[in-house]
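Each of the two complexes below includes chain A, the first together with chain B, the second together with chain C.
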Partner chain A sequence: MTITDPSRPAPRFVRADGPDKVTGSGRYTADLTLTGMLAAKFKYADATHARIVTLDVSAAKAMPGVFAVLTQDDVPDVKFGPFVQDRTLFARDVVRFEGEIIAAVAAVDAATAQRAVDAIVVEYEALPVVNDIEGALSADSPLVHTEWAGYGGVDVLVRDRNDASFASIAKGDVDEGMAAADHVVRSRYVADGCHAVPIEPRAVVAQWEGNKVTIWTSTQVPFDARAGVCETLELPNSRVRIIVPHLGGGFGGKCGFHYEAHVAALARAAKRPVRLVFSRREEFVAPDRRREGIVYDFETGVKADGTITARRVWLALDNGAYTADAGFFSQLAAMHALGPYRIPNALAEAHLVYTNHQPSGSVRAPTAPQTCWALESHTDEVAAAIGMDPVAFRKLNAVDSGAEGPSGQTYGEIGVQQCIDAATAAAGYGQVLPDDEAIGVAIGWWPSFSVPSGAYVKIDGDGSGQIITGAQECGTGAVMTLRQLAADELGMPAERFELVYQDTSVAPYDMGATGSQTLFNNGRAVVAAAGQIAEQLRNLAAEQLEASPADIVLADGMASVAGSPDRGISIDELAGIAAGGELLIGHGSGIPPGAPATVGSSCVGDLGMSAWVAPQFSCHAVRVKVDRDTGVARVLHVSAAHDSGTIINPIGAQGQVEGAVLMGIGQALTEGTTYDDQGRQRNAALLEYKLQTCADAPPIDVHFIQINTPDAGPRGAKGLAEAPNVATAAAIANAIAKILGTPVRQLPMTAERVWEQLQGDQGARS
Partner chain B sequence: MSFAIARTIDEALAGLAAGARPIAGGTDLVVGARHGKAPLPDDLVAIDRLDELKTVTRTALGVSIGALVSHHDIETHPLLTSIYAGLADGSALVGSPSTRHVGTLGGNIMNGSPAMDTGAPLAVMGAEVELRSLRGTRRVPVEQLWVGPGRTCAAPDELCVAVHIPAPPARAGSAYVRLEYRRAMEIAVVGAAAVVTLADDGAVATLAVALTAVAPIILSVTGLDALVGLGVSGAAAAVGEMAATQATPISDVRASDRYRRHTVGVMARRAVEAAARRAGGETIAIPVNRAIGIGAPS
Partner chain C sequence: MTDTPIHAIHLTVNGIDYPVAVAQGRNLLSVIRTEIGLTGTKEGCDDCECGACMVLLDGQPVNSCSYLAVQAQGRAITTVEGLADGDALSLLQRNLLDEGGVQCGFCTPGMLLSATALLQRNDSPSEEEVRIGLSGNLCRCTGYTKIVAAVQRTAVEIRAAARQA
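== the complex of A and B ==
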């Protein structure tokens, strides 16, 4: 790992949750056992599009050991969804994907609950299955939701039949730009959907006491989960408490509101605590969180000197059966399809399309890895058309500090050019390689999300601190890093701080482990809260040391007078004094940086994704080898350079990049969902859905370009959890295309698809 | 439902005679039950503590490998990794390190999956399985053991106690090669094992090739006698074509039949080439997958 600013040495950093997780003493949701607790099981639709003719739960209800069987008739008739209110907790009348819940059972144990589920009788009348993204947009396609026009939704959303969200970004005159080009390059790409695959399948435990319910759940977004329970069960916030035990990974898959309401409703009906634990298959099939498949048509005009004159992109994303948080994906994908390039004339049009597939939703950098893969593959094709080296082409056309991006945003200090230089230099780009190897290069970008967030900090009488935060740790280490921020603010060691987190009734609001926003926003809150205590400490020390508060320096556990290091008092001692008077308590939120302006572009379906605060940039350079006999591609080395602002926790940051790169390798080569002709997943299991393993991991060089970012988070930090997942698959694709002499037009670029391409098959099959 | 722990082979055999199924590492049985492939048998007899079935013994005729010898034992055993390297190649590719520590040779072959990694090596080596019951003991060549996917010719009361492999002749080598999409936790999409004996002039003197996961059972390639006397590269190329022709692969979520038919030919060719290199005295590290083709270090 290299960090460009050597004046900031990497601090030693031990995660507060590390020992629990490594030794196995940590408790996850599925580990919780409450007196009298029942087991929950769901009855799933299995059919992908059908009308329910009969739903008979009487036999299940009559079984011994069964305490509750619920259907939509047993819960408030509430349609929900963050962008389009198009679903209910349980299917009513029509099922629209295989993992849709029809009924839920609570019974003495899981086996009994499953027998009861099996005893539920459902009869269907088959409806036509919408299984093809592009076909769903045709005028004669069957509708996934015949009542779509009556659904409530976010006003700005542009909806039409199977198109749940249309967005466009337009700048200049594309036709004129194309006419001015020396070459116009057109490419078509198809990305299959894929999955987040956290190690921990999700679990939910609910217990009622009086009219209040406590729900322990494996969510990345506890406040969002609370909001979902309150909305669907028609409860006020004050009656719902969400607690998250250790979370076994999420990768976006545990964002949103999932099953907390089902389990709470079961527990209320059964008058007992109830626990739901998903199997791996359920984790694959049921949640409305899956990386969306996308179909792309690109057209780019370029002058012989390498200047881009225009770009036109049409894309369609697989929304699946219901609109989860994918409502803004069309605009986000449109931005990624235009890319971090200077494009004077641009038009991107994106459709979010209903199908009878599992719903799509946030998975680590939603829309970005597959769109970067398509765009950057296309970019290499454009460079090849004018005979220009693809790295030189990117250097020429990529945005830079002070440049205007494709949506009209003008950037402050950004480090994309430095990222290209660092990654390609570390990879040895340009070196002579065997003819079955090549280095591919891609650049990517990702926004920071500026949102409200809160935290408390207190120092007890013994000088030990607590950070009470609404932030959620999903494995990234972002919450763990909050200790460092508070400690630095107060001149104390990070180890003196305990974290109290993941409880909606204890801590102030935070959006959760989503959008790489934790350190950016909750870090700001913790710094503000610690700052209040710092002021208290300086005032106390000033009294004790007979100095001005402005002259008190907090460092190394001491409050000292500036310039007189022998005049000092320990913070522990000050804490003892405060314990007998005004307590050391701080609260913080801070003001989120505002959104930057876009000038000269117009956006339809604008959900705030066309201008990005504190954008992050990256360049990955990947050396790949292809076995021409079998099409198996192997990644030999990855250089990943990132502008994510100031790096506060270098060990954690390196881990984020390494993990994301490995995830990107999986997306590139082996991870893709395939469907049968009814839209059911064919590979919803870990043997058939192939994640990368540690044995597959190549050496990964990580480089951080730390520049002075305007409107960034604490100390100039941006996010980092998602950005490193953006460019890996694209860089791998460009390496494979160099070896093959032609790109593989479908993602993942499986061994068989690479081999088919070598046989002269065009490979792109949608 | 019952679970008994056998302290002796006879106790185990009595359990099988009473209708119980044996369990050793459980890597197929338990995983299969959890995935809904087949429920756990009502009655189980655990044989994992029968130490007499955990030995590797060099005999006058070759080697006898106890049914409970683990894949990890095989991939690290000095005799098996040298003279029977093709078998070690197979065991070294099974699952993960933890799977290889608990998974046994007996379990692998008696599970009868056409995707098993030890089956093709044992077939080309002419191995025999020793089946024992309260009624007596019999030996069955492995190629006659498998009768269909997940099915063997063993009676329900018969326990596999050992695998016997004849000693290879001088200037013989073996190898097992598998198509891998990733380097751990993988199941064979296709694979191939070969035993090659070289004549003094370097030509192929004897040749046996068997294929993994391209037929209902491990498939032995036929008609190889015609290749005796050819040079290694010519024989390997011919074997590749014969393997592709004789295979009867299916299309499923792992691969199409077309791709399987092609790649099994590649695997067969590579297996012959690697076996011939070993026959010539070269040491290729276990598993050979990591030393050739895409696995080769750059």
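== the complex of A and C ==
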């Protein structure tokens, strides 16, 4: 194990797309213009639950400058959804959330398109609005989908009325475990939903040539986007090409399939290229990617010596109106609610509940930050109940190498204990602080996702290389790092490689910038592809140098005979020779590591989330100050320690942690969606939904615990982009609870909520 | 839009004079991106909240989403495309890359202009002054740490260069 010293400068790594991005020459989707291009605008439901009585687009169609107006009548009658096929491109009979699309317009410019949208006449018959997560599960709740039972979906999903996905993880006997405890602690927590908020709003451009369409789009998952277009417009993959220009951030919000089909259908109907660019308000209300609100009831049994005997958790997640990629969130949230602890008797039950809110979906480590916040707040309450220091309690109960986790998975070498030590030491945990300051500590975990992925590598006659990959760069630098892997495999400088990426028609499949999986899986593919070229180069060099291929070493741009450094030939020269014969082309995929076994647990609604390949661990220790007069909590310092395996690109890895921590601070203190009594968002603008600014951001110490992980990605790397988003809000909560004396039971812990709690305490004392 | 008066104006962007005909209500951002054809300046919110559309007007940072194009006549407009000297990146551009202050890059143009203006009015800003100076530019990727480091390093290097000159 090594702990990297944050004070030691990381090796510099200048990203290949950097010059484009600092000069303004890099093109993002909204920057693209095509000859004859029209502007798209959508007509949104506004109503959150209503039957469409009248939908009249005739006036819009008749307006000058309007080329196409589409409704569900104009596209194939296809219900889609990765887990439950519960929605169509446009609402047909019923609208179920405010941002649901009823119609789409293509017109000469955006203003004309908006006037046409405004001319569309919709009349509704109101239906009862489901606005409360727990209420939606009651037997007498109105149904969001009356026809839910007839929907197609993934077979293992357990669905019942408004419950779109029930999952449980059970181990041992929880009742017996509680009976054996000296203390049983019960806590209730409520997390509000929040948003990914990439600074680039979504944009899509579509152009047809004959029966083929090219779609430029701001997606994190180009192959998934293509699958969505093909499914809903009934086209074969071969006729749909998705190209992603530079992507201005995603954070999960741009995962899935969003509007590519709407714009492609408009372009086909209008016989013109069409461009859609979202406003910031549309970013907030329309996509089916919002971090889910969750309600939690925790119960943990503990011995007087601090040993956990049992844990029972019930939780309900806000699915919103449609099931996007949230189908597996119930099981994922169940795992996070049990946490990275040794728990002999465990039961977690999770419901994914339909409401008339915007649909939920992947936002950076879905379910994890809010569930970690609730669990780790509860954990401090459990430690307090037996008078134990919360860090000592975690050291005692957290999993370790060789330990069995709550779902019955036995871990190989893992670094959670080292993370606790590193983060608390760096934060100076235990020091005496003013009474308006405290250090809170939380631990978190997150899987690595093992999935298929592919890449090609080629070396041209001049010795320069290209990596042609299906992987998607969303800003993290994961795709940029692929150059380093290929270069090291071939003994060439990384700068000799260009990256060709984000184009479904030139590269093999990759899942996209999702699940922190790029380096883990596409790294494996690139290493395999480069390995094929390395073999070709060794064979060629062996012929030239009259040596055995096994003795050829590729390093520093040379192919040399091992032990005889003067017997060598440059890779450039070999590339020139190859250009006249068998070309240097490699392709790679590799075999993704399989799921680990679990023993002694049972899962209902099992979507593969109860056993994690190469799990990542973290501990955040955060120093917070609370202003007792205003309730404003300010984060003064963050120490973040991470076991994400081997760190291949240190500066990029640090940047992931720093960015995720700041996002976690926002989630902790300011970022939460509030709804009106109809389930409409009340703060769908950056003025009311506050992100952290540069002036708010604290110093962030980053520590990497690099251990030898079984079943990891290339060189022992795990994922990284999501894991550092998990524990920050939880650590802040525990600091605030120390200062206040009791936890704030609702997330975000806004100044108003902290202040109200302070008033309540004073009321109780007086 | 069709009923609003059209003004024939000249805009000076990165030292080049552009004659443009714009409606009275057009914002500077949209004219820079469409008529002038420079797309480095980004639209993130159209609400003066994110700073992605920031440009310099006579050296002062302005959110171009909320500034009328007709008001910019006669002022020197600098966009991100005007920061490099030919192919040579500015010190700040180079340091932002070298320090790892660029991820998705969407806030980068506004951030660069904001920081350029900051360094022009204060060549030795404290960390707090840098953080306050950049607080009108939202970045969702970096946590700002490496951006602040790049600006501070640039200030040091500017001062060193000035001493040598």
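Of note:
Quick note on the criterion: the second predicted complex is superposed on the first by the 749 of 766 C-alpha atoms of A that agree within 3 Å, B and C clash if a C-alpha of one lies under 4 Å from a C-alpha of the other, contacts with A are read in each partner's own complex, and residues count from 1 in each chain.
Keep in mind that, in the parts below, a contact is a pair of C-beta atoms (placed from the backbone, for glycine too) under 8 Å apart; a residue touches a chain by one contact, two chains touch by 3 or more.
Computed from a predicted structure; not experimentally measured.
Once the two complexes are laid over each other on the shared chain, residue contacts for A:Pro493 go to neither chain B nor chain C.
Legend: residue contacts after superposition of the two complexes on their common chain; A:Gly430 is shown touching neither chain B nor chain C.
Of the two partner chains, neither chain B nor chain C is touched by A:Pro565. The larger set of touched chain A residues comes from C, when the choice is between chain B and chain C. When both complexes are overlaid on chain A, the residue A:Leu687 reaches chain B and chain C alike.
Using the contact criterion defined above for the overlaid structures, shared-chain residue A:Gly150 touches neither chain B nor chain C, since it reaches no partner. Residue contacts after overlaying the shared chain place A:His246 against chain C, while chain B stays out of touching range.
Contacts of A:Ala695 after superposition on the shared chain: both chain B and chain C are touched.
Once chain A of one complex is fitted onto chain A of the other, the partner contacts of A:Pro710 are absent, as it touches neither chain B nor chain C.
By the document's definition of touching, of the two partners only chain C reaches A:Pro198; chain B does not. The intersection of chain A residues touching chain B with those touching chain C, taken from the two complexes, comprises 685-687, 691, 693-696.
Within the complex formed with chain A, the residues of chain C that make contact are 1, 33, 38-47, 49-50, 52, 79-81, 83-84, 89, 93, 96-98, 100, 102-109, 112, 128, 130-132, 134-148. Those residues of chain A that touch chain C in the complex are listed here as 10, 12-15, 17-28, 30-31, 109, 111, 197-201, 246-251, 277, 279-280, 474-477, 651-652, 654-655, 657-663, 685-687, 691, 693-697, 699-700.
If you check the complex, the residues on chain B that touch chain A are 35, 96, 179-187, 253-256, 259, 262-263, 266, 293-295, 298. Only residues 434, 437, 625-627, 629-630, 632-634, 636, 669-670, 674, 682-683, 685-688, 690-696, 750-752, 755-756 of chain A touch chain B when the two sit together in their complex.
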